[in-house]
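Here is the structure we will look at.
A, B, C and D label the chains in the order they appear, each numbered from 1.
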């Protein structure tokens, strides 16, 4: 385990490189953008290389400095984390590329670059963490950098939203940490793999499950504790919104997913059902709220609330192998599509000086690529083929049918219809005729195309999904096998 | 394809092509008259192969004109030919081009139907003829015309639907589209009577069978003279041809249907004459006469249905009767049209003498085509069961009397109605009318059915007595009328039973209109309701903002988080 | 065990305070008390193993946790201050529904 | 992979690529756009015909791309699919020419033609789809590509229509997805196979299969405009005439009808569908739609609305033909796909000519239009009679086969239905025809745009006359080899082969 296997340095690079880049960007603001972009490119390469590695050789474990558990820090990579690392790199790359022009005439540039790099580092570290406590630390670092980014917006509301986000996040982290303490109390280990072996189903574990789930639900903005999300995501600068909605909110879910396969594998069905119900409610409630928003970015933020609901449908369906595959593809699809939508919204905001949906006239004419990005992203959110979201939903529904619980299938489809309602509410306004001129010069082509590229990736994800799904089959299979062996 | 095949194809194609080519500007009279030439040619030089199959046309078309069909085709073509020339100078003013387009299309349909030996082709031509004829009827725009057109088109539609049903049912149950095969197999079809009933209805409308005849007396007076000539002379005969094609004539005896045909035919013969007598417009009288004459031909069809072995002679007799009637009736209509133009007294005399010829023919006067036709029809009656033979021997002469009276009435009305006030016409119509008279006199003797016994003196006498009887009756009637102080007799409305029928139709329409208005109102309420629901739902969504605001309050949210943790913990207990 | 329970009690009391807090500063303070409760639990757990040597893992966790908590607190205070620069009495509420 | 093997993909690309390029074109580059449009359409037609010819030679095209474990995206050349794709390629070419003429001076043409091309791509994809999930993908793509065309005018009415269109079609798509998955969970495959895939499961899963069928029909029925899922179609008539042509004849409703065929023929199989009583149910729904559509058409005063309701009614002939469960009736249904398309596209073209040239939209304004625009109105009249079912127009052939097929399948009630429907068709078409030819024209047309010697622009007139002539020709020469009828007969025979 401790030996440095060939090629495993990618794991380290994935964390060290953005940290180093952040430091340089902080010290040398003039080259910050270039450094950040270079790093993002490198991250993409590294993530792909790692993905290739774990695909070839199976899950990969690496002990930092050779200390090893329990005191040392172990890193762990399997196809699931590999895929998420890749998509994180892609989204960050596009977003940073977009930001170059977005931030051109603002004062927030010098801070934006190092913090976003730091955020990337935290995210990568989280995806590679192998134990429950490191997950806590990385989660917290991720939240802190996210809050800092939100607060960059030079607006009172954004600061207020950031503060709220921060406080909620700290409380949630503490609940999670208490849960970790309880887990450690029962099992005496923190490593996830070891926890999976040793966890016993005692009251302390129940409490840990309650505490950790509640904490992660708050951080992951699961209905009904999504209270911080709409403000934070909508008042943040648009590239930040994109990063937050696409990547950051997925992290708590990822943690919960990992825990679900390790210490909480024996959780009774009721827990899964409860989480699934909340997910279903999130889908409906989030979509309805999105439908009634007057501002575009808020609409997209509430759409995130709804889409997060889909992730939690995983829990009642976890028995089926396709549920994990589905939820993974869904995360990818949503990350790409939602980033595209936020970036497009940022573009419109920049050109029109507002993002009131009612007054989006002529966007279709003056910002065609931007609107196309938004529309294609929206189509993916609706879950139409061949988007990744479609594949994700398909697999989820398949799991539902396989388990004979078609109610979840209906929720999935109904959620798609509701999302169509709010997406087309925007598009409908964009197609109206109006003679007010729009100054499209505020949005250079690079921005529009960055959004469009993401949207296109999201749309065509379904076509590339098949090999991805097979990848996820690997660890998912073992995990599911593991899970079922524990069934009473 | 050989020459014969092309020639047959040209019969309907040529008029159609002319219509298409000259839809903007009508060509010269002779070119117009060539429209019917291919049809005449087919009759004069019968193609070597009686029938030609065109597998690529429609659903596989079979054309041909043998025996009786050739006779139908011949007079139809001639009547159209004369009417075309007549119309060329008769139709003037706005809509002239339109009239000729419809005229030529109707001609194409009519001629095509006569040579079509399979159902789709026949139906296509029949429909083309029926719909195009509408354009002939409503040529003059007036409220009366529109009414006549409406009645006509409604009946046409009902007829077309009935025919389509009959043909589809026949083709479906028998698996063929050819008339010959349908006639063969119809007896075995599971829905034989339904099919026959539908065919009777569908063709009956065209043939002016009683109750279905109501369009005739409306359409004829309003249509221009040449249009009336072809409508009454040839188009209504297509219905008869349809029966002969479709019904299992000669294949099996259908006593029920046969009796019905005979009875209905006789009824039409007398009813038409009776109602016609009490009309004021000569063209209406002629229309009723057509109803009456078609009744006699219907009797002929009934005879074949009663006694299948009679098929060959009787269908020839019917064809000959149709020929005689077509030529005579078209001459009468053209003449009646001329009577309305500005004419001098000399011309009026010529006209009346000329009109007397076909009138006599229709009444079956000796040495006329009518005499020939009637005796041909009666010749086979002996082969019928006794009571039918007896009935016909009594009834047909009586029908001749009625016809004679009707013709007398017609001549009287023409005489009274002619004036010098009408529009001027040139020479050509008179020439063509003369030609049609010539045909009435000559043609029947030329093509008369073979084997017809040469006319003997007793025959001539036998032909005379109905005329005499009619004359006597007329004299008696006039005497009685004078004795009674010349009371004015209320005229029967044109289209007689149409009035109650229309009343029924309109009220049914009103009823459905009311119910559809009710349905529309209901639908509207439903839609409004749905719109209301949508508004309410939308308001609810908007109001959910309050709930959302509550949910996102710091304290509420944290309490919810707490509850969530507790709930998960409790659920974890299992 | 006693310490653990005390830690948990501290956590709960502070949670109540966080929930009821309207002023950011109060919430920040309460959160810090909360974290102290968690750390107390962790430290107490270090005694879990029999023998004199305490388990080093919880200690490591506590130290890391304190670092994280301090930085979070610092950030919270900065944000509060930025808010205070414009608003006389900032709260933890915001109203996302009303847009500019 | 040789280019030969990639032919199905090329067929899609021949409209997709021009469409994408057109999006990027500036509004003023009219010539280039038109050239791209037309060359795309011509190339597509050529490719499709080439593929048809090659298939006749026994070449089988199949392209697969893995989508999900055990589930591929498949493009395949099948008889039914080729039948449909040839139709849509041909009509696309015609409609493109028409649209170029129609949108002469209107704004946003690049956007319009871009989506126009996407629409046809989706249609071709749906036609060539080799399994239900591929079909579903293109079905959804079609929905999305059509929406911008429906709201093209950007007016409030257009947006309302667009909303309604989406509400129905997206909902239908969702339901279809659900049904597809349900079916998949039962059968484990979604391939389109002659004879269907459900036969082995009929005994064990009869109820679930029936329920899934209902769900699937509800999903496809939206585009096929089955009552009560039809309301979007009359509302969508606010779109420009070429879009209506596209909706009613080339793409949208056709994909719905085609989907029903795929469902009955290739997924459930005729035997299973009849055995479970599903086809009969579909027949009843189709019958109700036929009557209801005609009745509603009677009440309309706007020409395009009337035509839309007529489509609702006519389209269900296709469903009826499929559902009757006999080869002859199926022939009628399949061939009506082409026949209805030709006739309805002509009617909409003619209506568009009226609207574009004279500003006439309402039926009451059509009086005397025959004098002003004889050719367009002749085309209209011809196809109106075709809709009624008068020979030798295309509509007669369809009805004839449907009727005979119904008798064949012991469903004589259908013959009565056909007759009644014809009478209703006549009741709403003949008054219009009468007004066109027999009423005097008004002093002043609402918005007369007289140009040149022809009654209207040749770009508008020629497509109208071409489709009208086609509608006549396919009826008149129905029995000729390679006619749509013969082709439909072949396809139907395959479906019913023992």
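The definition used in the following text is that contacts are C-beta pairs under 8 Å (C-beta built on N, C-alpha and C of every residue); 3 or more make two chains touch, one makes a residue touch a chain.
In this text the structure is predicted, and so the values were computed from the model without any measurement.
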- line: Counting C-beta pairs in contact for B-C and for A-B, the higher total belongs to A-B
Field: chain C and chain D: spacing of chain centres that average the CA atoms, whole Å
entry: 65
- line: So, in whole Å, the Cα centroid of chain B is separated from that of chain C by 99
Statement: Taking each chain's mean CA coordinate, chain A and chain B are separated, in whole Å, by 78
Task: Could you please state the distance in Å, as a whole number, between where the Cα atoms of chain A are centred and where those of chain D are centred?
output: 42
- line: Residues of chain C that touch at least two other chains are 15, 18, 92-93, 96-97
- request: Name the residues of chain B that each touch 2 or more other chains.
  value: 545, 548, 552-554, 558, 562
- prompt: Which residue numbers or ranges of chain D touch two or more of the other chains?
  reply: none
Message: According to the definition already given, which pairs of chains are in contact?
response: A-B, A-C, A-D, B-C, B-D
- prompt: How about chain D: which of its residues touch chain A in the complex?
  reply: 23, 65-69, 73, 108, 111, 133, 136-137, 140-141, 144, 147-148, 151-155, 159, 162-163, 166-167, 170-171, 173-175, 177-178, 181-182, 184-185
Query: Considering the complex alone, what residue numbers of chain A touch chain D?
result: 322, 364-365, 368, 372, 379, 382, 384-386, 391, 393-395, 397-398, 401-402, 406, 409-410, 413-414, 416-417, 420-421, 424, 427-428, 431-433, 462-463, 465-467, 469-470, 473
Statement: The chain B residues in contact with chain D across the complex are 23, 55-60, 98, 120-121, 123-124, 127, 131, 135, 138, 141, 153, 157-158, 160-162, 164-165, 168-169, 171-173, 191, 516, 520
Query: What part of chain D is in contact with chain B in the complex they form?
result: 295, 299, 374, 385, 389-392, 396-397, 399-400, 403-408, 412, 415-416, 418-420, 422-423, 426, 430, 437-438, 475-480
Task: State the interface residues of chain A toward chain B in the complex, per the touch definition above.
output: 164, 168, 171-172, 175, 203, 205-207, 209-211, 213-215, 217-218, 224-228, 230-231, 267-268, 270-271, 273-275, 278, 285, 288-289, 291-292
